[in-house]
Every structure is written in C-alpha cells, then in structure tokens.
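Here chain A shows up in two complexes: once beside chain B, once beside chain C.
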Partner chain A sequence: MHSFFTRVNNVSALLSSCTMALLAAITIASLLQEAIYPPQIQGEISMKPVKVFHAKAPRQRRRQEMGFLNFNMTADLTPLFTWNTKQLFLSLEAEYENAQGVNNTIVLWDRIVRRPEDARVNVIGAKNKYAFKEIGGQGFGKGAISGASYALKFNLMPYVGMLRYGEAARISDVPFDVREEL
Partner chain B sequence: MFTEELKAFRRLGFRHVLLQVLNFASVIASGLMIWKGLGLLTNTESPIVVVLSGSMEPAFYRGDLLFLTNPPLERYHTGDITVYKIPGADIPIVHRVMETHDVSSPIKISGLDLKVPGEQLILTKGDNNHIDDIELYQGLDWLERKHIVGKVRGFLPYVGYVTIAMNDFPQLKYALLGVLGLLALIQRE
Partner chain C sequence: MSSAIQDYFEGKIDFVGQQRVDEIARIWLFSFTALSFALGFALHSLKISFMLLGSSTVVLCAIVLPAWPMYNKHPVKWLPALKPSGGGTNKSQ
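Entry: the complex of A and B
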C-alpha cells in the first residue's frame, strides 16, 4: 500500500490527469474568450490590374502564361494576439473561375507573424512570392477570365487548442492585363 | 523482490493467473476499441499523429501531437493544414494547402483520370520550406482528396516526443513494453 511502485503510480496518474484537465481548461477558456469578445480587425487591399506575360516558371519545363501582381495592403491584426496566440499565418489568395468552370484558389503571398508588434501589416508595391500559373489550357488571356478576387486570410495558431481561420480584407474583380511575350 | 508476489500466486492458484491475463487482454482490447472508434468518428485512419519533421516550424515542432478530422463532404480550403500520404511512401507529411482547384463540370486534365464535380486538385507547401511540395509527390502534379489523411484541427505541444524517441531508439520501445507487460501481469489490483 505504501510501496515505492504504488507511490510512483499514484503520483504519475494524478500528474497526467491534472495536466490533461489544465489543457482542456485552456482550450475552453480560449474558445469562450473568442466567442464573448470577438476581435475587431480591419484591412484594405488595393491592386493594379494583374500583368500577364509568357514566362518560364522555376522548375517547370516550358514557358506558360503567368500573372504578376503589384499591390498595396494595410491591416491591423493586433486584436488577434491573445494570451493563447502562438503565431499568425497570413496569406493573400487569389480566387477565380476559369473558362472550363474550374474554381481556383491560389496563395500568392504569405507571412508569418510571431509578435503582436509585427501584427500591423503595411506593404506597398508588393509582388507575389509564388508563381501565378493558370491550370487550364486557355490561360488568362483572350477574355477567358474576366477578373479575380484577392483576399487576405489569416490562420491563428494557439499554444494549446483549436486552429482558427478568418479573413481580414478583400478586393473583388481585379482585371487581368494580358501583355505580349516577355 | 518478486518472492512475495510468486508466493501469493501459488496460494491463489492457476485460475487467478488466468484472470490476470484476461484483465490484461481486456485493457489492450478497450484501448484498441477507443482508438478505432475515434478513427470512425473523425473519418480518418489515424486521428492523432505526431509531427516528424521541422518543415512546419515555427508553428509545429518535431514531437507535437496533432488532432485530425476528415469530413467526407467538406472541401479543403487554402490555408488548411493537411496530413497526406503519397502512395509509395509511408510517411505522413504535415503541410499547408497552397492551391485548390475545384472542378464544377467534368474535365480532362493531362495525366489524370476524368475529373467530375466535387473533386479537388491540391498543392501543398511546408511553412518552413521555400518551395512547394512538387518534388515530394513522386511524379504526381497534384494531390487529390484520396491522398489526404485529414485536416489539423487542434494540437498539443511536445506530447508526441515519446514516439519519436521510441522510433530513434528501438531498445527503448522494447524496454518500455517489457516493463509495462511485467507490471500489468504481477499487479494484483
């Protein structure tokens, strides 16, 4: 009843139950805080018409039509940083439907924000980090796609708990400006 | 050290030993039932996975535990963190979805079977990698729903490091199993 093994057994059982209860409490507290005090965030995107050239993307075999962005973006995401926020993952995504009826969503720019001081986003004249290629055959030009929407989305990663997604800013119907060969 | 327990066993008889073995087996069986039941509930073959590589840092480090679900009718969005397995490679990879292409009318894309509405083509990338995962796809151009094990919903830090330690040092795994088995068999409660 008081042997070493029983003592170790009881202590470790108590330790693991308390730890699990604590983690569950943290998760529930975070969810309640987010439900009762929803963070108010605002953001704005402005973008010039997307230039489309024939170019060769890195690690691709042939040249194809690619889109090149030039955008300004401001957003204030500091309300999202709570005691349980580990980091924010921001991404600028293009959404459009091509001539074959395929709905595409493509991440063109992303940023990881680890401190609340960095949560104010202010980019001017930024370019897309990742290649903007069209999956269908007709590409961007010849009126195939009239325009695309661009949204700034965030993913909040907590220290303990559930991942949360949201949208901070959006701009719709940005046209494509198809140019000749590069 | 065990003389006291052995004497007690001889006194209680063979039936008692059988009862101990049965208790042990029912503990194992109920553990397995809980695991498989959780898999059914979340519609994925492994609802809890351990992060094995550093390609999602600083979000997930090696040894973090991830909880997955795989809702059958819900489409995957960009920004979701998915765990997928390439046929031919056994390691599950935890990366974020970079591109989704949703088919709304039947379309033929080179290299793949005919795509019907409801199907998605997905491209992923790890946060800590500079380039997307094309080289990991072993010849595929896109991931499809069938390759994806699940989507990450929540996580616990550091808890999974035990599994990584056991994979790196197999002797540790056998030692732990041996000790647990011994303890379960000789416990009288």
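Entry: the complex of A and C
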C-alpha cells in the first residue's frame, strides 16, 4: 500500500473477490428460493389433427411429406421470472415414434421471452415456425405414425447459476390427417 | 522538478497510513457487498445490487487511492546518522 499503484492493485483484487462472493450469494439465494417456493405454472394446448401434405418446399430437392399444425396455446409463466432470470426460451416440441420404432423429438415453434410482462403466452390458430418433416424417414403417411405428443417446454436462463428446464403444457395422441397430393 | 512530479505520482504514505487504508478498504468493501446483496434481494433487482457496488467502489477509490495528507501524519522517525568508524568490518547494504 506504499504507493498509488500498489493501492490500486490491492483494492481491485479485493473488489474482484467481493464481486465473486456477491455472485455466489445470488446463486445460492436463487437455488434456495426455487427449492422452498417452487414456481407453479400452468398451461394448455389444444390442437386440430395435423394435416400432412406431400409437397416440395423452396430450395429442396424432392417432394416430401410435411406436417402443418394449427394450435391454440395458453400458458402463464410469470412465476418463473425472479430477480435472477435473464430470459426464457419456450419451444413447442413434437414427440413421436416413427415406423422404424425410433423416438423422435422435433421443435416446431419457439419464442424468446425477456420480460415478465411478456410471460403470458396466448396464441390462437398458430402455425409451426419450422417445417415438420421426417428427415431420412418414411414420413407420416399411410398410417405409419399413429399420433404425436406436443409439449411446451421452457428453458430458464439465469443471470448467475445453472440453466433450468421444464415443461409447461402437454397434449398427447394428436393424430395425423394425411391428405392427398395437392 | 521531475523528481517532485515523480514523488507526487508515486503517492507514498507512511506505515500507519497504510494500515488505515487497508482497514478502510476491507471494511468498506465487505459491508457494501453485503448491503448490495440485501438491497437487491429486497427490491428484487440485480441492477440495483451492482449499481450500488459500483458507485461505492468509485467513492472508495476517491477516499483510499490518492495520498491524502491524513495518511502522512506519522512519518517514520529516522535515527541520527552514525559517524563512519575507520577500519574493522564494513557492513554493506
């Protein structure tokens, strides 16, 4: 501490240690808060049977079977927003078992939520954002796949701490409605 | 002239002052870290925590970093110089 530069050195080292301690305290407080008061979230999905068409999307080589969703979804995710929440990543995922017996999960719709005011999801008549096709598979047609389950999953990204995953809503056994060629 | 400027920028303080500076910095930072955690937790905002910590650090730098005269109030008392003794062992520094 005998000169200006040694004082700068010492104070900055102390400051880094204190900042680390503050971050650790925030992490532990968040963990305890989630363990003691787990967030109660509820949501609902309703979906019409998924239309399957044999079509070709732009920049695609061959025609392929694609599924088209039409769903309504409501969810209240405000309990997830604590002082340590940076953002929420929501995704609607389809889970099904294809004709070869392989379990597949595909993300069809997603949304990033940054503020607690936007944490209420209310979509009506929404379509899938990403193409619902079986890459390298036999497709949905001719009764190959009986039905799929759709789940609204969330990923909570904190400012400090571990990522958290969870599920807000689920609907099971939505059938495929295979239409003839367009 | 240049040595005066050099001395000014070196910012030397005496030993009692160094002890004081060490104490002040430690106590200040520990208490403001605890305070900023408590305030952020109570007001549910991470921004307030870090803004409080940052502003308290700036104030601490103003108090502790420059060589204020109050840290130089106890200068080292040097003993009077001994007359150099002829012959015998010469301890070199």
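By definition in this document, the second predicted complex is superposed on the first by the 176 of 182 C-alpha atoms of A that agree within 3 Å, B and C clash if a C-alpha of one lies under 4 Å from a C-alpha of the other, contacts with A are read in each partner's own complex, and residues count from 1 in each chain.
The criterion applied here is as follows: a contact is a pair of C-beta atoms (placed from the backbone, for glycine too) under 8 Å apart; a residue touches a chain by one contact, two chains touch by 3 or more.
Computed from a predicted model, the values in this text were never measured in an experiment.
After superposition onto chain A, partners chain B and chain C are found to sit side by side with no clash. In the superposed model, A:Cys18 lies in contact with chain C only, and not with chain B. In the superposition on chain A, A:Arg179 makes contact with neither chain B nor chain C. In the overlay built on the shared chain, the residue A:Lys127 is in contact with neither chain B nor chain C. Contacts of A:Arg63 after superposition: neither chain B nor chain C is touched. In the superposed model, A:Arg7 makes contact with chain C only, not with chain B. The partner that reaches more residues of chain A, of the two candidates chain B and chain C, is B.
Once the two complexes are laid over each other on the shared chain, residue contacts for A:Asn104 go to chain B alone; chain C is not touched. Contact with chain B, but none with chain C, is seen for A:Tyr165 once the two complexes are overlaid on the shared chain.
In the superposed model, A:Ala29 makes contact with chain C only, not with chain B.
In the superposition on chain A, A:Asn84 makes contact with chain C only, not with chain B. After superposing the two complexes on chain A, the shortest C-alpha to C-alpha distance between chain B and chain C comes to 8 Å.
The contact surfaces that chain B and chain C form on chain A in the two complexes overlap at residues 159. Residues 58-59, 77-81, 96, 98-105, 107, 109, 121, 127, 131-132, 134, 152-157, 183 of chain B are the ones that touch chain A when the two sit in their complex. Residues 5, 23, 27, 59, 86-87, 89, 91, 93, 97, 100-107, 112, 114, 130, 135, 153, 155, 157, 159-163, 165 of chain A are the ones that touch chain B when the two sit in their complex. Per the touch definition, chain A reaches chain C in the complex via residues 1-4, 7-8, 10-11, 14-15, 18-19, 21-22, 25-26, 29, 82-84, 159. Contacts from chain C toward chain A in the complex involve residues 9-13, 18, 21-22, 25-26, 29-30, 32-33, 36-37, 40-41, 44-46, 49, 53, 57, 60-61, 64-67.
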